[in-house]
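Below, chain A partners chain B and then partners chain C, in two separate complexes.
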Partner chain A sequence: MIEFVNVTKRFEAQAVLEKMSLTIEKGEIVFLIGRSGVGKSVSLKCLVGLLKLDAGEIRFDGRSTAELDEKEWMGLRRRCSLIFQNPALIDSMTIYDNLALGIRAMGLAASRSNERGLIEREIAQVGLDLSLLKRYPLELSHSTQKRVSVARALVVGSEALLFDEPTTGLDPINTARINQLIEGLGRAGRTIWVVSHDMHCALAVADRILLLEGAHIAADLTPKTIRSSNHPLIRQFLEEADARPLH
Partner chain B sequence: MLARFTENLKSKVENFGAVLRFGFQALRLVATEGVPPRLLTEQLFECGVKAIPTTLVSGFFVGAIMAIQIELQLRNFGAEGAVGGVATSVTIRNVGPVLIGFILVGKVGALTTAVLGTMRVTDQIDALTCLGVDPIRMLVAPRLIAAIISCFLLLTIGLIVSVGGGSALAWLNFGTNPWHYISQIPKFVSLESLLTGGFKSLAFGTLLGSVACYQGYWATGGAAGVGKMVRKAAINSLVGIIVADFFISWIISHFLRGIGH
Partner chain C sequence: MALMTDCSLSMDSVGFSWGGRVALQSISFTPPQNQITVVTGPAGCGKSTLLRLLATLESDYRGAIRTGGRELLTLTRTELVAWRRQIGVMLNPLGNFDWLTAEGCLEFVIAHAGHKGLGGERAVATLSSVGLEWARGRFPHEMSGGMQKRLALARALVLSPRMLILDDPTAGLDPVTGREILDLIAGLRGSASIVLATSDTANVRRLADHVLFLVEGRGHFFGANEAFQKSDDPYIRQFLESRTEGPIS
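Take a look at the complex of A and B:
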């Protein structure tokens, strides 16, 4: 479903991604781990067209993103939603209006009652109360805002969800909630790509775990095979996870 | 030293070019797709209505200051009776548009850059793009159009108040009959003065709106980055208004000389 073929992305002279290749199949839950600042989030932004590639190719369902015009990009972004590290909700709008943004821009609802139905269904799916719809983002906790941002991606009917550091800054209870949500969405058939350095989460939820190091994919493992890896950074991530078990 | 100066100048010119392209892109979008009316109304309230009290106070005192200064000059030539006309002409052609531009830079430009900058560094602008919403149409176009309309309307309001301020001062200080003060205005304020003032206010509104939106829209570097962009937007807008004022005045004077005015 998602393919990176020799993707290179530079910021001035520094290559953040250098001939990076990966494949994510439909319905897979894939975690991309790596140290901070190695380009994990950059890879997600390249996929949805927020950043332009310097070289290489990204394919979504076999179609190169280089061929897409503006309308087709909108179609891709509908099918493949990025959930940012910040909840990125529009402060000046209510939660309802935030959720309605994508529906209206993409013309997905035939009527206002249809629109409300879509929004209420997805807000319930992420485990939130409908009374939140009238409130503003800054009246909600950070973890609730994160769940709203997931609902905002679901409401446009995305088949693939891209999570950028979904549990960063959350307490263990809310981390577990988000992990359950990701796992549930994955098991329901959606393709999930999570960028994270949370090995606990990766071990609990992922089908595959990729390591981004040296601007390319340095390891491609599963939760079962990862413990036999000799890669020093993988060992470091595992030791760190074992030293801080989840309660 | 010279190389650094040249590099700095080159960067400023490139930045100015980028601002112009950005403003043009937003205006082209307005021409082809229009502006969402609700968003424009919100911005007109933020940009125009909220600046009215400041404009009223500033306009009144500018009129009074102009009356004092010009009366002192004209008295040397025994022409103090013309103070109303000369003061209003100077205000409409130059002082008014520049002053309104400065007020909007402080009241609206800084707010616009800060809001858009915060939206950029918290990924709100990227999130809009991912949802299929054009951020230029939703965020930039209403703010830019509101700045242009507000600049023009506030100039009109400020000008009327400045006539009130000037005539009140002339009456209290020099005993000039307010009706005499006002009756001098048509003798000095021509259609060309009105067009010059109007054109300048539209140009300054476009300039300050484009600069404020551009700097905020492309902010980087978190809260500190947004702060720097607000400062940069304020400086660039103020300097830009002064430079644009010179060029517009220069071009208009050459044009008028050319047609034998």
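Take a look at the complex of A and C:
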């Protein structure tokens, strides 16, 4: 379970998150929506310790992140992976070695064949061919790199996946592929937290849709209840989604 | 002097490769002046590369890119500088100046073009047009990805260019902000020729007067948006209908 309890994060004088509280239960798929620049990505970065809180507390499975030492942070980041908007693969390493990096750093494989088994399983899980393992990141399209970055989280056994704008900049075909991947991972029981502007995906896949506005959670809805919301920003988001029909 | 006023562009059998990889092949099209031409297609089709060529950022191409009937590579340095001052460009990477605030970025562009007296007011007005007036004192690294994108767009707009070359200006923006940016761009129709790349099929539908649809570096379709939307070509249908199965791998 992920809990934010009165979390405040400021950049100089401006509070991007102010006494923000939310709970994401194990196995839930939650979308966080909001205007550009409002602080959605900041919330993900606070969870994995890339940004320090100014006040409040974040708990992962009941344990406050304020208590964690460096080794325990590594443990949290293994269980709870942030998949960045930019895939951030290491250009000088093959896809195989990119995926093996985390396994080796954390000592997760008893042998090289065990390591290969882990990698081949998760590459298939994200819908990619094993022949990609010998290639380098720059030989792959952006959307394929994104799927590799998801596999990188899966090979270390992450139970929770945090997606920062997973479909930004993708064409509609690859957007559909990534959305299918997210849905499949959620149905397999992982906890999924997505920061996204893709309302179609949110409506189709999410258990809950949260609106971040005014530095806190302004609405906490389900795909069923969101359509009856009177919140003006939600109405605008839905209008824009309806103006972009899926076929 | 004809070149100073003619901001037309045309591509004639243009090809380009990155190292050994062919990115564009035999591209021929002329974006109509003072209208919006959207370049679209699946990932890796060559949209961004095509924009880089139009923006004169790459010179090692095959074929011809012409303005006012003259091949760009034959322009003198003085002519090229003058021509570039008529175009506003927003590409990836965004190229915002990390050491300058948002307002400073725009004032720099204005001063560099020789319009020192116009700096403050024009910069603030342009930031306001993209919804960033409140962030005028922020540095790019203090901005979200979407805000940085809007700053890059403001840099492209600040000199009121006669041609705009924009690479996916709404990618990463929330739908409401994205719509505001699209409306801003649509409002320039008639006063600027716009070549815009995007994979967002809703943006193509809403914005384009003409569409250039690329598949694997080749021009698969060039024509009016209405004809593109109604086409029964299997590549176009798969793309517009967001289907994972079809001739586009």
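Heads up, the rule we're going with is that the second predicted complex is superposed on the first by the 247 of 247 C-alpha atoms of A that agree within 3 Å, B and C clash if a C-alpha of one lies under 4 Å from a C-alpha of the other, contacts with A are read in each partner's own complex, and residues count from 1 in each chain.
Note that in this section a residue touches a chain if its C-beta (ideal position, glycine included) is under 8 Å from a C-beta of that chain, and two chains touch if they have at least 3 such contacts.
Remember, it's a predicted structure, so these values are computed and weren't measured experimentally.
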After the superposition on A, what does A:Q85 contact: first (chain B), second (chain C), both or neither? both
In the superposed arrangement, which partner chain does A:H142 touch: chain B (first), chain C (second), both, or neither? second
Look at A:F11 in the shared chain and tell me whether it touches chain B only, chain C only, both, or neither; answer first, second, both or neither. second
Can A:A109 be said to touch chain B (first), chain C (second), both, or neither? neither
State whether A:L68 touches chain B only (first), chain C only (second), both chains, or neither. neither
For A:G37, decide between first (touching chain B), second (touching chain C), both and neither. second
Could you let me know whether more residues of chain A are touched by chain B or by chain C? C
Go through the superposed model and pick first if A:L101 touches only chain B, second if only chain C, both, or neither. first
Pick out the shared contact residues on chain A: the ones touching chain B in one complex and chain C in the other. 85
In the complex, chain A touches chain B at residues 45, 48, 50, 74, 77-78, 81-82, 84-86, 88-91, 101-102, 105-106, 149, 152, 156
Give the list of chain C residues in touch with chain A in this complex. 41-44, 135, 142-147, 150, 168, 171-179, 199-202, 238-244, 248
Within their complex, chain A touches chain C through residues 11, 33-38, 41, 85, 141-143, 165, 168-177, 180, 197, 199, 233, 236-237, 240-241, 243-244, 246-247
List of chain B residues in touch with chain A within their complex: 119, 122-124, 126-133
